[in-house]
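The block underneath contains the structure these notes are about, expressed in structure tokens.
Each chain gets a letter, A, B, C and D, in the order it is written, and its residues are counted from 1.
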Amino acid sequence: MRFFSDNAASVCPEVMDAIAAANRVDTAYDGDALSKSLDGAFSDLFGTDVAALWVASGTAANALALAALCPPHGAVVCHRDAHIQNDECGAPEFYTHGAKLFLGEGQGAKLTAAGVADLLAGIRDDVHQTQPAAISITNATEYGLAYTPDEVAAIAEVARARKLGLHMDGARFANAVAHVGCSPADVTWRAGVDALSFGFIKNGGMFAEMLVFFRPDLAAATKYRRKRAGHLLSKGRFAAAQVLAMLEGDLWLRNGRAANDGAARIALAAGTRLIHPVQANEVFLAVAPAEAASLRAQGFDFYDWGPGEARLVVSWNQPAEEIAALATAIAAL
Amino acid sequence: MRFFSDNAASVCPEVMDAIAAANRVDTAYDGDALSKSLDGAFSDLFGTDVAALWVASGTAANALALAALCPPHGAVVCHRDAHIQNDECGAPEFYTHGAKLFLGEGQGAKLTAAGVADLLAGIRDDVHQTQPAAISITNATEYGLAYTPDEVAAIAEVARARKLGLHMDGARFANAVAHVGCSPADVTWRAGVDALSFGFIKNGGMFAEMLVFFRPDLAAATKYRRKRAGHLLSKGRFAAAQVLAMLEGDLWLRNGRAANDGAARIALAAGTRLIHPVQANEVFLAVAPAEAASLRAQGFDFYDWGPGEARLVVSWNQPAEEIAALATAIAAL
Amino acid sequence: MRFFSDNAASVCPEVMDAIAAANRVDTAYDGDALSKSLDGAFSDLFGTDVAALWVASGTAANALALAALCPPHGAVVCHRDAHIQNDECGAPEFYTHGAKLFLGEGQGAKLTAAGVADLLAGIRDDVHQTQPAAISITNATEYGLAYTPDEVAAIAEVARARKLGLHMDGARFANAVAHVGCSPADVTWRAGVDALSFGFIKNGGMFAEMLVFFRPDLAAATKYRRKRAGHLLSKGRFAAAQVLAMLEGDLWLRNGRAANDGAARIALAAGTRLIHPVQANEVFLAVAPAEAASLRAQGFDFYDWGPGEARLVVSWNQPAEEIAALATAIAAL
Amino acid sequence: MRFFSDNAASVCPEVMDAIAAANRVDTAYDGDALSKSLDGAFSDLFGTDVAALWVASGTAANALALAALCPPHGAVVCHRDAHIQNDECGAPEFYTHGAKLFLGEGQGAKLTAAGVADLLAGIRDDVHQTQPAAISITNATEYGLAYTPDEVAAIAEVARARKLGLHMDGARFANAVAHVGCSPADVTWRAGVDALSFGFIKNGGMFAEMLVFFRPDLAAATKYRRKRAGHLLSKGRFAAAQVLAMLEGDLWLRNGRAANDGAARIALAAGTRLIHPVQANEVFLAVAPAEAASLRAQGFDFYDWGPGEARLVVSWNQPAEEIAALATAIAAL
């Protein structure tokens, strides 16, 4: 019973069907009808004009977004525990051509407006110091916390005061939106987000993530950068198809909700073992090594996340019986 | 009737089946059993130890290969008409961090050993000039010509004499091997190739190309570069599955041969209109604007390729009747 | 008798005196009074508002100028024989983070408006091709030819039509201006130049070249790039001092004229051996190997410049007797 | 009375004389006799074979050293307060093409072997995390502390255990060596340092810093990188001359000692106000705003260094009366 990564989950049937349906002769790259419909589809979803580009991974979406917002001699403020800092092997530095990441603090990998303002205040405004050009937040965070629209807006205000761009790494955007219950617009452009990495792969997709620009002018240069990074897929219609299938009837949101529900059920069983509130599909548990071993002996796979901590991730289609079994096992520890 | 790109073709059924079959819970990234079997599968195919990495596009495969062979302050020798120079928006420069491309000449986008040697002889060996570190050839070339093992070996000898790496862009490797009738080993590592971009997408694949290192030690740093470029796909098993399906029973070779056969039939009809010999699945025709218009009026789609030239590409599953119709239409011009 | 490089020449006494006079305690980097006066001094010289930054080499000036005009995914059009292509070990690629150089043709390393327009016309406007962002011309050219203001203006018109920036590599700007007899403004910003590398080192300076932006807004980001490249010198007052000394009483122009005069005298003796008209301080001669050997045996140092060609460079303070001796020796060949 | 930067100090007479003496016709770049003698001169100083390259700034020396030790996809461990992190506008990221800096802790900007080992232990060995390739220490540190040979050797042992290179930023190397009283060899290569940025400018030089490789093979690629960064100065003989003048009779060490002595005298007066032990030419004082204002009113210039802190730097030729006056003024606070 695998709880170690939602990337390990299978692809949802609607996506498989859409891929099969896209298997016809069509124009290459992003010239096909499906790819060309993405700007419109995402503009509809967000209720504003956006530019929406598929890429083959969340790392590429994040790094392209940052390259659009930050020059090579600039810096991006992010949380010390951010995926872009710790888990992308320097993709932001590669795509931005050497920008720095300035690392902030905050409970549960969540930046706060006050924390960001403090960090920014410590940066001298002279040519000897790298100047910040953007802020990047992860929603849901690396510890499964969701930002409210107000929290995002407060950070955006700090960003605007210093003319910084604001990026949201939404690898688990569906989970975050499902938890907060707001519209996707509320927690993004209405709160001041300029670019969103909108994750689909962890949520039932196969190989397409979306980079959504709420300032559509940022897309022009990004299209060159995407090509030059090898992310202008030759048969892009298959990427577009899976994303469109997930937008259809808000499948993305239902999948996110399903995973959240599973996590919530486990959280209930975990009680005081919870290291962070469970607001998405990730559960962080305090478990002694022997307890972790016991869970594994019962067939549960998961990651150790630092000493005495375990991370358990619920997938969009995690079987109810696996969730129930895990909840029971945790309660019985 | 679309003859403008083999990227427009559909995905072959075996690949679709393999993707469907891979749709189960498995380890993320390249930790799944399918991805882990690739080194072995390609070592078998080539009869030598190789390291084989999937990426999401031929551009990424090429650029990663060049980055493995050429430092930022080095240069890559390629043909003036090479895809890496003209059609990848500077991907080699991006991935190598600013290496130069030195442009050689040769009929049909084919480099020759003598031509490369001449070009190299003109480069002063001092710190003021960028020093070549690699040679890149395209097989089949951008004009559909296939290299013989001897031709490759002659270029490799020039490379070795100056300690340069040798890369082969094999976006249409299947077509080239099918034409020459050699083993894939003969025209690659046995002839001195260090790294091969082995194309599957134009040949019936969906979103996976392979980067094959015949010097497996080159793969170690490349794995970091791949991650950092966003080409370590989260659900890599779907990439591995499609490639393995194409290796099965040499499907890749059969598909390549089928496309070549169609092109050969058209070439026969084209006679003296042929600008280049037809050795792969591309036909370059001398056609007056009115003739091109006439073909289009009959329902044939293709690219103009400079004034008075047309490029027609035959796909792995191009219907025989479309090929016959095109041949008839060309003969009737 | 050294005619192989004006970089081999000594530093002129006014510069030495200015350096000595600057040897006092003062603010570090570019905060001293001398450095702060440069914008004004160059604005006066050019009769318009400019931003003027010292750097330690012409290569740095060129590369920073190009980085200001061309994004990493863009391209710079220059002559096939341009210094930035052949003699800077890829500095433009380094500073621009991987932009391409597109190589044009033209007699004597001189681009023409028509030639540039042709080259640009051949570049498809799609994301697969690197898009040009700037044009760079060298004045005087690598073969010692000077552009007239009209020639520059014609190229600038081509640039503007495609929204490209225009850079002038003026490593021998003094020689070019001295030859044409125009004002420095006429051949630069009035003709449409955006950024000028204004050379002082070959002309009697020691270690300071100037990067002059005629669009002063380009300087802001460049100051960060300069720092990050290690060209914000710790004791910048010594760089500023030497440049200001050369502006004083148009010393730069007198030095350039002196070198030109020497070259003109040699050109007169060379007659039909001249490969290019002599418009600056460089003389390119057709000489057989035995003739070159004979000149060397008489004590003249110079570079071979391709088979049967010699390059002889006259310095700002080349002794008249050396020039006379060389003229006599060439006439006697 | 300026105590805010040793970069503000004047150039020492021996250097001025050497520059004047170098003002003759000679070969360009680093082909002159003086530049060619540097490998030998520094090999003599260090008692081992080294490669020694001049560059125009300490930032360039540091960044080139790191580029020689760390690939674009790697990381450099340094102190949180390191100059390379805070005061070079991202030069390491620029020259390494996007490597990361991992920030360690330690009193007085000094890394410890144990601290580095801890930091390294926290980095997962997988392709998702940037892998460390080098450690960089500053000697004397940014807070004026000097490393003993044993301290360096302990860090080098940690480096070797993980196959990391070791760089020393010696912008104030003279001050550090003068304080510890060891040979320059003891605290560098004998202790395991691979590359040293050997500072001369703060110590009486004008525009030349040295990059010394104790693994001379690292110099080959660095020479291309130096050219491409615009740090291969056209008239390099003037850079070499000043460095050789400072080696002559150990002038570098005498200058360093003189500055240290002045700082020691101030430290004596400062007593418990000292924030860090004074081991070089920098004094960090706890001073209330009113006290700082009082010092300034008496004519002393210095930097505020965080709230309630002042940094006072003594130059190689700071007049004894200025030092005495400052000591008196501090004692009287």
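Keep in mind that, in the parts below, a contact is a pair of C-beta atoms (placed from the backbone, for glycine too) under 8 Å apart; a residue touches a chain by one contact, two chains touch by 3 or more.
Every value quoted in this text rests on a predicted model; they were computed, and no experiment measured them.
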item	value
A-D against A-B, pair bridged by the larger set of C-beta contacts	A-B
Most widely separated chain from subunit D, with each centre as the mean of CA atoms	B
Centroid spacing, where centroids are CA-atom means, of subunit A and subunit C in whole angstrom	49
Approximate Å spacing (C-alpha centroids) for the pair subunit A, subunit B	34
Subunit A and subunit D, separation of their C-alpha mean positions in angstrom	42
Set of subunit B residues in contact with two or more other chains	72-73, 88-90, 93-94, 97-98, 127-128, 130, 224, 227-228, 232
Sites on subunit D touched by subunit C in the complex	2, 5, 7-11, 16, 19-20, 23-29, 55-61, 63, 88-91, 93-94, 201-202, 206-207, 224, 227-235, 238-239, 315
Residue numbers on subunit B that touch subunit C, as the complex places them	72-73, 75, 86-90, 93-94, 96-101, 127-130
Residues of subunit D touching subunit B in the complex	71-73, 97-98, 127-128, 130-131, 221, 223-228, 232
